[in-house]
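Each structure below is given as C-alpha cells.
After this come two complexes, each holding chain A, first together with chain B and then together with chain C.
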Partner chain A sequence: MLRHALLLAGALASTGLAAYPKDPYGSPMWDYNLERYLGEKAEVVLDDRVNLEVPPFAEDSSQVPLTVDLSGFDTPVQKVITWVDLNPIPHLFTYVPQTRVTVVSLNFRVQQATTVRAAVQDESGVWHVGSAHVDAAGGGCTAPSQASSDPNWEEHFGQIRGGAFSPANQSRLKVYVRHPMDSGMVGNIPAFHIETLEIRDTAGGQDEPLLKMTLSESAAENPMFVFELPDAPPQYEVWMRDNNGNQFQRQVGEAL
Partner chain B sequence: MYATRFGKQFAASALALAVSWSVQAAGVTDDDLLNDQDTVDDVVTYGMGLQGQRYSPMNDLSTENVKQLQPVWAFSFGGEKQRGQESQPLVKDGVMYVSASYSRVYAIDAKTGEEIWQYDARLPDGIMPCCDVVNRGVALYGDKVIFGTLDAKLVALNKDTGKVVWIKKVADYQAGYSITAAPIIVKGKLITGVSGGEFGIVGKVEAYDPNTGEILWTRPTVEGHMGYVYKDGKKIENGISGGAPGKTWPGDMWKNGGAATWLGGTYDPETDSLFFGTGNPAPWNSHLRPGDNLFSSSRLAIDPDDGSIKWHFQTTPHDGWDYDGVNELVSFDLKENGKTIKAAATADRNGFMYVLNRENGDFIRGFPFVDKITWAKGLDENGRPIYTDNGRPGDPADMKGEKGKVVVAQPAFLGGKNWMPIAYNPNTELFYVPSNEWSMDIWNEPVSYKKGAAYLGAGFTIKPAHDNYIGVLRAMDPKTGKEVWRYENTAPLWGGVMTTAGNLVFTGTPEGYFKAFDAKTGKELYKFNTGTGIVGTPITWKMGGEQYVSITTGWGGAVPLWGGEVAKVVKDFNQGGTVWTFKLPNDNVASR
Partner chain C sequence: MTRWCLILLAVMALPAQAALRYHLEPKQIAPDTWMVEGKTENFSKENGGNIVNTAFIVTDAGVVVIDTGPSLQYGDALHDAIRKITDQPVTHVLITHHHPDHAFGNQAFPERSLSALPETTALLERDGEAFSDNMYRMIGDWMRGTQVVLPTQELAPGPLIVGNHTFQLWGFTGHTGADLVILDKTTGTLFAGDMVFYNRAITTPQSPGLNVWQQELDLLAEIPFERLVPGHGPMVTDDRAFRQMHAYMTWLDALFKSSANRGLTANEVMRTPIPGRFDSIAEASYELIRSTTHLYPRYEQAALRMLPEE
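Our next item is the complex of A and B:
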C-alpha cells in the first residue's frame, strides 16, 4: 500500500497536473467541478461540437429542459457527464453508450442562475466540454415536489409513457414517467428519485445495455427523457430503478 | 497545496480499503442466527435468539455494579415526525442496525454513535397503521438488512451503503395491510407476518428468499383460505388452512376474518417450528360470527419449509374483546418432576399466561398474570377459557337503537400484556412480564365490511384499574403460576424486557426511565432518565471487552391513541426518537 502510494507520488511529481482550459463563462465552480467529476488529471478541451441547449431564462426553476446535441460529434464516445455548476448537488446525469447517441434531453432543477456543462469522453480518454448558461429566479432544488403535496400521488406513481419516433431516418425515443424525484433537500421529504436508466436491446443477445445512465438529485420531477439513437434496433426496452428499489419498464419499437 | 491534496486522497483510500476488508470478513450467516443467544459480541435476531428468550449469558454487568452503568452515546433519529419508537436494535461487527417510526432504518457506528447511513422509505399518504407508525426491528442476512414498511412491503438494503437491493410488495396497503414487526430469518428463508386486523384483512405468514425477494410460500391464518408454495415460478396449492371454509365461521365471514400476524414470530430449532400468534377475528362484534373463528387469537406452529400448520392453540375462541393472540411464544426447557419438557410460554392479551408443550401444542398449565379477569372464570383442562355469564358485550340486535349492552371487561383490549416482549431467565427459571392493569367499557354495534375501512362494530373506552399505578413488571414462575415479585409503574408499561446472567432485568418506562432490577427480588438497582418515554426493547452485547446496553426511546405506540382515560396519566409525556447506549467501563468490572 505504502509503496504503491510512493510510486504514485513520484509519477505525479514528474508529470505535473494537466492544466484545464479557461472557462469561457468564468464560473467559480469550473475547476472544482472538472476535478470532481472528471478527475484532477483529466485532459480537457473546449469543443463546440458538444452543443447544449437550455432556455435563456428558466420560466419554472423546477423544470428546465436541457438538450445535449452531439449530432456534430462524429467520433465514438465512451462516456458523457453533465452537471449544473451552482446546484447543491451539481451532477445531473452520466451515461455510457454502446450505440451512437446523437441527442439526449432531460428536464432538471435549477437552484440559481448557473452554467450547465456536458463533458464527452472520446476513445482516447480526452474530455470534450460544452457549456450553456441559464438565468433563473432559482429555488428549484429545495422546493417541494408537486407530488409531495398531493395525498393521492401514489395513484399515478410510476405511470410511464413512451414511444419511438423517426423523423428523418433517426430513431427518436421519448419516455415520460410520473415520479416525484424528491431531492432529499426539502424538510421531512426523504430523497426519492430515479437513479438508473437503461435502454436494452430486447431482440439481440447483447449483454451490455445500449445505453446505461445514472441520475442525480438535480433531475426534475416527472422526468421526460428524449434520446436519439440513429442505429437503434427496431425493438428495445427502457428500464428505470429508483432509490427505493421500484422498477419501471416500457417496451418500445415496431412491434407495438 | 499539491502535497495536501495528495495526502488527503491517500488517507481516504486507505480508509476505504480498511472498511472493505472488515466487510468481507462479515455478513450474517445461518449459524450466526441459530447461535445468537449464546454469542455475546453481537445481537443478530429480534428476540436475542430465535427462541425469543431475550436472555444474555453475559455477567460483566451484575447486581453489584449495575449502578456504574454509564451512557456513552445517544443517537437522534431526527425529523419532525417522531412518534413511537418500538424498535429493538441489532448489532454486528461494531455496527448497529435500528429501525424507527415512519419506516426508517439507520446504520450507526456502535462505538461512537455516528451515523453510517440512513434509509427513509417514501410512504404513500394513505397508509393505515391502526396503532401508530411504529417499526419493531430489522433482520440481518449476508450483506443485507431487511425490514417491513407501513405500506406492507419488504425492503432489503445493502448493509454497508443502505442502498435498496430489492423491494417486494407483501400486501395491499389500501386494503388496510401494513407491516410493523421485525421479519425473522430461518433456514435461509425470510419469514414475515402482516398487520391490519382492524380492517378485515386476512392474516398470513409468508416466506421469501432473502437474497432476491422471491416468494417461497404463503400460509393464510384464517380457516378456509388456500396456502401455496412457489417452485420454479409456479404457484402450487398446499392445502386450505383448517381443511375447509365454514367449520368455525358462519357464512362468508371467514373471507375478511382478520387474524393478523402483526407481531411476527419466533423459531425453535429443536422442534423445527415457527411460532406465530394471530390477532383478533374481524369484526370485533362477535355476534356477527358465532363459532370459534379459527385461527384467530391463536398460536400456530408452522413448518418453515412449506408453511404447513403443525398445531394450533387458541387462547380466546370466539373473541369478543379484541384479545389478539399475537403475543410471542417463547421456547424454554421446563424442568419439573425430574424431567425436562420442551415447553413454551406466552402471556396473552386476555390476562392468562399459558405454558404449552412446544412439540405438539398440548396445554400444560395456564394462570392469570393480572390481578383481575372478568370475562372468564378460569381455564379448563385443555386450556380453553370458561366464560363468565354476561362477560361479553351484548348483541346490538337485542336492543333498541344501534348500540348493544355495555359491559365492563378486564383486562382492557390493550391487554394484560400487549406487544412488548417478555424475557425468560434460565438461571432464575422465571419469566419477566411487562403487564398492565386496566379495564374497559365495551359495546357492540352493527357493521359491514368495506375495503380499507375500519371493521370493528364496537365502541370502547379504557379506564385504569387503580389510582396510583397501571403498569406492573412481574416475575412469573411457569411451574407454579405464582407471581414471585412485582414492580408497579404509574404509567402503563409499553416497552420490552431483557434479562441477563448478571441476575438483572432491564426495561424502560413511558416516564422515560431506563431501569434495571434484581432478577430474583425485583429490587430496583438503576435508573436513567432518557428524556422521552420508552416503548422499545433493550439489547446487550460486548465490544472491546466491555458490556454495552442499548435501547430505543421515543414515546408513542397504541396507548396515547387508544388509551381513553389513561390519557390523564400520559398526556404530558413528550415524543422523541433516540437510541441510548450505555456501558460498564472496564475498570468498573470487579475481578472474578
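Our next item is the complex of A and C:
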C-alpha cells in the first residue's frame, strides 16, 4: 500500500511541472503557457522535427506568417497547438488531423517581440515542442482591422478564394477568406472572427473531417490558410464558422 | 548668472552630443553641386540612419537642398556643411518622398523653403507619427528632438528655375505613390530619389507594385543625364543602376509569381537564397523578407480563384 502510494507520487512528480524541459529561449511565459495549453501533467520534450517557421522580424505586426512544417515528423499526430507567448491571448490555433498533415500556415498578430510555439502530441500522448522567435515593433493586437475603418467592408465579407497545388508532389491547399477577424481587444470593436474550420473529404466519403481546427484572437485579418495533406485525395470541402454564427462552405478542386 | 547657466547647459549637453554625431562629407560631383553619400546599410543605432543620399546645389539666388536626412541632428549637420561651403541661404528644400530617412531633417531648414509634391505632404501627414515611433526604436538617441515637419510649398511636375540653374521635375509613383525626380538641366545631374537604388536592395512598403515601378523606370531611363544620384548607393554616370534595378525587380517579380503558382507560403518565399549575380546589392536578404510581406499577398490572391458559394 505504502509502496503503491510512493510509486504514484513518483509518477506524478516525473510528469508534473518540474518535468518540463528548460526553454532554449528563456521566455518568462514558458512554464505558464505549457501548463495552460498542455496541462500541468503533460509530458513535454523539445523536438527539432517540429519545424516552426516565422520571419526573424515582423515587418507588419498585424500580419506575421507562421508555418508549422511537420514533414520531418514521422510518427502519427493526435493534435497540434500553437501559441504566441507574449500576446494578450497567446493561443493561435489548435488542430486535430485524421490524415497526415505536413504543413499548416496562417498569419498572426503580434503585440511585441516574442517566442512562438508549436506543440505536437504523438499517439502516446507526449508533446513535442518546437519554438521560434520573432522581433517586432508590436501593436498588432491593438491595431484596428482595416475592415473596421472601411465602410464598404461588407461588399467583400465572406468572399473566399482557393486553390490546390502540387509543389514537389505534395497536395497543398490554399484558402483565402475576407473576414475582419476582429479580436475584441481594440476600442469598441466587438470580437468577430472565425472560430472553427474543417477540411472534409468529398471524394472518399469519409465521415470524420480530415482536419478540424479552432482559432483564437491572435489570428490575422483576411486569413490565408495553407494546408498540405500528402495522403488525402485532392478534392476537399472547406467549412468555417465565425463567432456570430456565419457559416462558409466551399469546394476546392483538383490539384493544379 | 546667464553666462553661468549657459556654461552649465553646454557642459550638460556635451556628453550626449559628442557621443552621437554625423560626420557628413559633401563631395562635389558637378559645378555648384554636392552629394552627401550615406551607407547602403539598414537603419541602426550605429549608423544613426545615415543610410541615405542627400545633395545640394548652390545657385546665385540661394541653395537648393534635395532631401534632409533621417533626423533633426542630420538636418543640422547638413545645414552646417552647406554653410561651410557657401554664404548663400537655403531657399528651396525639395523633398523627394515622405520616407523618414529623406524627410526627418526638415526641422533644420526654414519652413517656407520646404517643398514637395502635394501627395508626398499628405503621405507624411498620414504616416509621420508611425514612422517616428519606428525611427526611435531603430536609431534611438540619434532621433532626439526630431519632429515631423510638413512641407509648406507645393511642387508640380515641370520646370523650376532658381537663379542660374534650371530644373525639370517629374512626379512618379513606383516607390511610395508620390516620388519626385529632379533633373538639374544646367549641369545634367539627375536626382532620382528612391525611384533608383544602386547596390542597395529596393524597399517596397508603400509601393503600388513592381510592375508600376518598372514601367516608370523605363520612362525615367529615357531622361538624358551626365550623372545620376540614386536615393541610396553611389552615383553613376551611365545606365548601370537602371540595368541592375531591372534585373533585380524582374527576378523578384518572377520569384513571387512562380512561388504563388506553386502554392508556397510566405515563410518559404522569405528564405529564398539571393542569386549570386546580385551579390553587389546590399541588404537583399533583409529586404526580401520585407518585400514578401508587402507584395506577396497580392500574388498569392491572384493565383487563387474565387470559390462560388454552394
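The rule is simple: the second predicted complex is superposed on the first by the 236 of 256 C-alpha atoms of A that agree within 3 Å, B and C clash if a C-alpha of one lies under 4 Å from a C-alpha of the other, contacts with A are read in each partner's own complex, and residues count from 1 in each chain.
We adopt the following convention: a residue touches a chain if its C-beta (ideal position, glycine included) is under 8 Å from a C-beta of that chain, and two chains touch if they have at least 3 such contacts.
What you see is a predicted model, and the numbers here were worked out from it, not measured in a lab.
Asker: Would you check which partner chain A:Asp60 touches, where first means chain B only, second means chain C only, and both and neither mean what they say?
Answerer: The second partner, chain C, only.
Asker: Who wins on chain A residues touched, chain B or chain C?
Answerer: C
Asker: Have a look at where A:Gly187 lands relative to chain B and chain C in the superposition and call it first, second, both or neither.
Answerer: first
Asker: Determine, under the contact definition given at the top, whether A:Asn246 touches first (chain B), second (chain C), both, or neither.
Answerer: After superposition on chain A, A:Asn246 lies in contact with chain B alone.
Asker: Using the superposition on chain A described above, determine whether A:Pro230 touches chain B (first), chain C (second), both, or neither.
Answerer: In the superposed model, A:Pro230 contacts neither chain B nor chain C.
Asker: Once chain A of both complexes is superposed, is A:Pro88 in touch with chain B (first), chain C (second), both, or neither?
Answerer: neither
Asker: If we count contacts the way the header does, which residues on chain A are in touch with chain B in the complex?
Answerer: Residues 1, 5, 9, 12, 40, 151-154, 180, 182, 187-188, 190-192, 243-246 of chain A touch chain B in their complex.
Asker: Report the residues of chain B in contact with chain A in the complex, numbered from low to high.
Answerer: Result: residues 2, 5-6, 10, 14, 17, 79-81, 120-122, 124-126, 155-156, 163-167 of chain B touch chain A.
Asker: Could you please specify the touching residues of chain A with respect to chain C in the complex?
Answerer: Of all residues in chain A, those touching chain C are 53-57, 59-60, 63, 65-67, 103, 105, 107, 137, 159-167, 172-176, 224, 226, 249-252, 256.
Asker: Going by the contact rule set out above, which residues of chain C touch chain A in the complex?
Answerer: Listed in rising order, the residues are 133-134, 137, 205, 261-268, 270, 289-290, 293-294, 297, 300-301, 303-310.
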